[in-house]
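Both complexes below contain subunit A, partnered by subunit B and then by subunit C.
This part shows the complex of A and B:
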């Protein structure tokens, strides 16, 4: 199994034969219609039906209830935009937004750079290539809970390995769950440990579509390996980069499992919401305080946040490579 | 193709967890006849499985031996004992409310902590009527307040009491000896008639022993002082009896908060929040020497999750400064959605009965609320081997008899949860002492709204 992706080499296949004209005969017209007109729709329908039930319907349902004061154990009352104005005025919500954005930046920027370098290294020829390439995917198949348990131990205040090592250099023990920036760093390493390999493999697949003759030509012109990396590999990877960055944006802004498990499954995200993300805030409002309307409104604000974040990143990435 | 993979992963985890819980909760469907849904008798072809759902750390409700005994003797009704989590306000109760409200997912017999009873009473539609199964005749088994808390406003009996908290103070006798303090429980009790005395002893202790703090964190003793003070202020804590939030007006809350702040400021806490993995590790690593101990806390200490077998005989039980008090204690109820309410009521009757409650006390240490069980010689004369043979029967039976029940409002669980986060936050330093009280009141108002 090798990771060859041929997207960059559109093979020039012969033109497909023009569709035969089937003259409908009486009695068989339904079967023909089913075969030619309906079958494609039937074949793609499972995805759209699932999307309707688990995607579109919840989206609309959430929007509808975001205009209500909906207490699970109490009443349902229309409040118009009341939930949204209250949210924009809610310091706890903004604290969650800041936490989410901060952890997103701290986790994603080094992760993508690291994945890029890792992919570049994996793209060379070496022994046991397959095992090493598969190896970087290993963190992805470990359970989030197991990862959280291990990292929570590593970042323990009193008995954690990280503080122990820091102690060699004379540093005071850090309370990783109580201080805001340290908690973000701890969670960011957890995310990076899990997702760097995944992104590296995607980058690797992208790198293998770059024609070799570009590198040969550059070598003949005397370009160094480093220069080749920055001037050929990175610009040619732009489509892959856009996918990886958008994927990380969506994943980063909906971050939930790692910070939740980091605090023993408690969605408050630390005693003072030091690392409560917007997703955890939504969960807390909806399923701990049972304020469904408020949680729905927050979910829609998160949706807007993701749209804006994705748009900004898309525009940024389109500019890399310096051309155009 | 792998679009949204992270969110997918998360949803998958959530879905699997929900399915697992749901499957556990629906275990009763597997073997029942399904025809008994109306609440009548079920001419069961196979054994009926009654699912018992509880919460709590360590040995939690302590029903292990009682359930084993029942299952060995009753082939037709089998109990499936499922302790879902150690966190009531954060995890168990919100999940239970969703199940009760949606009509599916809850077990046949479910445990409810005192903090959830206000809401439970306000929703008679959630519960089966235990009166239909003849449990009205159990009234004489319980103190009046324990019985009345299991009756809804319209007079329906839905829950019977399991345990009462009572109050004591657990301490590490080996460390006390090392610090040159008396280790004998009667002498230790004499060291601290008041909380001020307690703080003085704490300083003496910490002057001698450098690696161990005197107290676990702010949260445990905050709750101890709160129930003691509530008893002095009309037996109310966060809500008055009309369910108005009185956090800012009730002197009991302020006194308890001030005490928590004081022990934290004076450096007497190990800065561990109770019922977290760090707190459990703290017990195993001797990070603190005393712990506020309602009866059910004994099981949390002696259980494998807590200090565990290595510390057998090193803990002991003394009187709590400031007199008695009650923290915690639970009820069992049968949700209306149960497919086997008759069998569930039988199981509930057994588990709250004298024999099962005595077994719970001997196994875990939870003080029975059942008066017959309290008066049983096996309880009265009981000594807890783990706690250096402390006469726990005597200690907790006394405090149970003199117990003043505190009124807890409909939204008590949510408000308690919000407040405890702040009480812990001043200890880990994420909320400055100067802002603590204001944040506590603000967050309580928000949680109650």
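This part shows the complex of A and C:
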């Protein structure tokens, strides 16, 4: 603040005689005002302009649309909360919610545990450190669509590598796309393959901020490595854990690309929508059925779901960290 | 980059006199975990090359092939000339979109980051908080219907403008550059420049820009990869004859579901730019990730 005062005053203070007659004085003070008072607002304005047009405007209109009934003939009718009550009665919507939550849990729980384990391994001393870290992060640079294409092939019923390997153990070929649980598992592995390494690197960053003395003291006291991991590392990682879990929550509950590509680019999510997520449901309602109102109402319910999910996970992690 | 090597060195230094180094030495178990992880990480990418370089008969053999064949050139030729995929258009569009969005986001975020971190102004704190709040909203899902109708009214459907503009909104970028500027540019430096009579824009150019360049790099790489991978919105707003590369793969996937080598070749080609970015900037990507994680 003092900065602005220092720089702002000289224009108002008496000027040296030679400059007193210079005409552009009002212009100068305008320039000073522009430079000191307006510049910060000008600098942040591009972001907020974009936010108004591509953030706030769509959000407001999604709310507005959700009160109307659109049909294919182009008639638009006010329905109040009709879309919301219809959604809550819609088995297809609930199926999408269950699918989304199930895939989120199946994917995220092992993913966080594996990422912790991996981060713990990465935190040790070994050669070729950068190479190993890059290897762990490699899946992240593959596009989601590419991941899904490869895994869809790996999970193929007739010529897929996974069924071939299961065949060694005498298992019958599984039709991964046909049933709920197999398709959820297949999609969850796609998510985990892509994100476990990323989360491990984030955990690693958190682990490196934990003071080493804690471990040294603990091992003098005779605590085993496993005990150190659960009683020092995990509780000390709480802030990082919150970041990772909230990130996974938002990502997991808005899942779209993997299941869509798994069904050859179709948002229906399998013949009986057995792996259709809420995002795919919204897409289908909005851009296949052209029921903008219904899609918009579903989008708001998805938002609510994300808020609830984030809150639950946040409280859960605070709890886990607090107990230890 | 410095963040990457610094912790390692302290660890090494501390290990020698302390004698508790065994705590941090990799056990065979550690090595096994890491080796298995790298194999699992690399396998699907390797398998992509295997299938993309085979024929469809070989790809559906039992047992499946695990070594690359010699048909890669031929298969890629088929992708590029496929009448339904418009693959070259897709590649060009993705490149234009990702580059334009990346440059704009980096500039917009650096401006805003400078203002939030080093210029004090009324409402600044609240405006920054607003950025953080909007990062929690899944705008992709929440805004797609109105945005689509906006694009219809502007007659932008089918044009890459409709993809570029919404993606210029990037709250993460503003947040990252605010954090980075705060850390990289001491307040005294800005004050000194001010006393010397430098204008705000000049301070940005001469003081801020040189100091935050590494942060801009991290944000740039991140934004590029994110936009290259973007799938849902381009699928909504573009037509199959003027796609992005992901939409082009989707067209192949939808129309030629059993032509595995065609789809795999297209997919392989689509991740090549990302692999190049990864090889060139891998160290910075990891450094940026780890730095961002600790601060968040």
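Throughout what follows, the second predicted complex is superposed on the first by the 277 of 324 C-alpha atoms of A that agree within 3 Å, B and C clash if a C-alpha of one lies under 4 Å from a C-alpha of the other, contacts with A are read in each partner's own complex, and residues count from 1 in each chain.
Heads up, the rule we're going with is that a contact is a pair of C-beta atoms (placed from the backbone, for glycine too) under 8 Å apart; a residue touches a chain by one contact, two chains touch by 3 or more.
This one's a predicted model, so the numbers in the text were calculated from it and none came from an experiment.
> Looking at A:65 after the superposition, I want to know if it touches subunit B, subunit C, both of them or none. Which is it: first, second, both, neither?
So A:65 only meets subunit C here.
> Where does A:136 make contact in the superposed view: on subunit B (first), on subunit C (second), on both, or on neither?
Only subunit C is touched by A:136; subunit B is not.
> Thinking of the overlay built on chain A, is A:272 touched by subunit B (first), by subunit C (second), by both, or by neither?
first
> Looking at A:48, would you say it contacts subunit B, subunit C, both, or neither? Reply first, second, both or neither.
A:48: touches subunit C, not subunit B.
> A:257 in the overlay: touching subunit B, subunit C, both, or neither? Say first, second, both or neither.
Both partners, subunit B and subunit C.
> Of the partners subunit B and subunit C, which touch A:233 in the superposed model: first, second, both, neither?
neither
> So, A:108: does it touch subunit B (first), subunit C (second), both, or neither?
A:108: touches no partner chain.
> Mind working out whether A:159 is in touch with subunit B, subunit C, both or neither, as first, second, both or neither?
A:159: touches subunit B and subunit C.
> If we overlay the two complexes on their shared chain A, which of subunit B and subunit C does A:175 touch? Say first, second, both or neither.
first
> Hey, is it subunit B or subunit C that touches more of subunit A?
C
> Indicate the residue numbers of subunit A shared between its subunit B interface and its subunit C interface, in ascending order.
144, 158-159, 198, 250, 254, 256-257, 264-266, 287
> Which residues of subunit A touch subunit C once you look at their complex with the stated criterion?
1, 3-4, 6-7, 35-37, 39-41, 43-44, 46-48, 50-51, 53-55, 57-62, 65, 117-118, 121-126, 129-130, 132-147, 149-151, 153-154, 158-161, 164, 193, 197-198, 201-202, 204-206, 208-209, 212, 215-216, 219, 225, 240, 243, 250, 253-254, 256-257, 260-261, 264-266, 278-279, 282-283, 286-287, 292, 295-296, 299-300, 302-303, 306, 310
> Which residues, counting only subunit A, touch subunit B once they are in their complex?
72-73, 92, 144, 152, 156-159, 175, 177-180, 195, 198, 247, 250-251, 254, 256-257, 264-266, 268, 270-272, 274, 287-290
> Which of the residues in subunit C end up touching subunit A in this complex?
These residues of subunit C touch subunit A: 4, 7-8, 11-12, 14-15, 18, 20-21, 23-27, 30-31, 33-34, 37-38, 40-42, 44-45, 47-48, 51, 59-64, 108-109, 111-112, 114-116, 119-121, 124, 127, 131, 134, 136-150, 165-166, 168-169, 171, 174, 190-191, 194-195, 199-201, 204, 225, 228-229, 231-232, 236, 246, 249-251, 253-254, 257, 260, 263-264, 267-268, 270-271, 274-275, 277-278, 282-283, 285-286, 289-291, 293-294, 296.
> Under the definition above, what is the set of subunit B residues touching subunit A in their complex?
Interface residues on the subunit B side: 2-7, 9-10, 13, 87, 90-91, 94, 97-98, 101, 119, 123, 271, 273, 276-278, 281-282, 285, 287, 414, 417, 421-422, 424-425, 427-431, 446-447.
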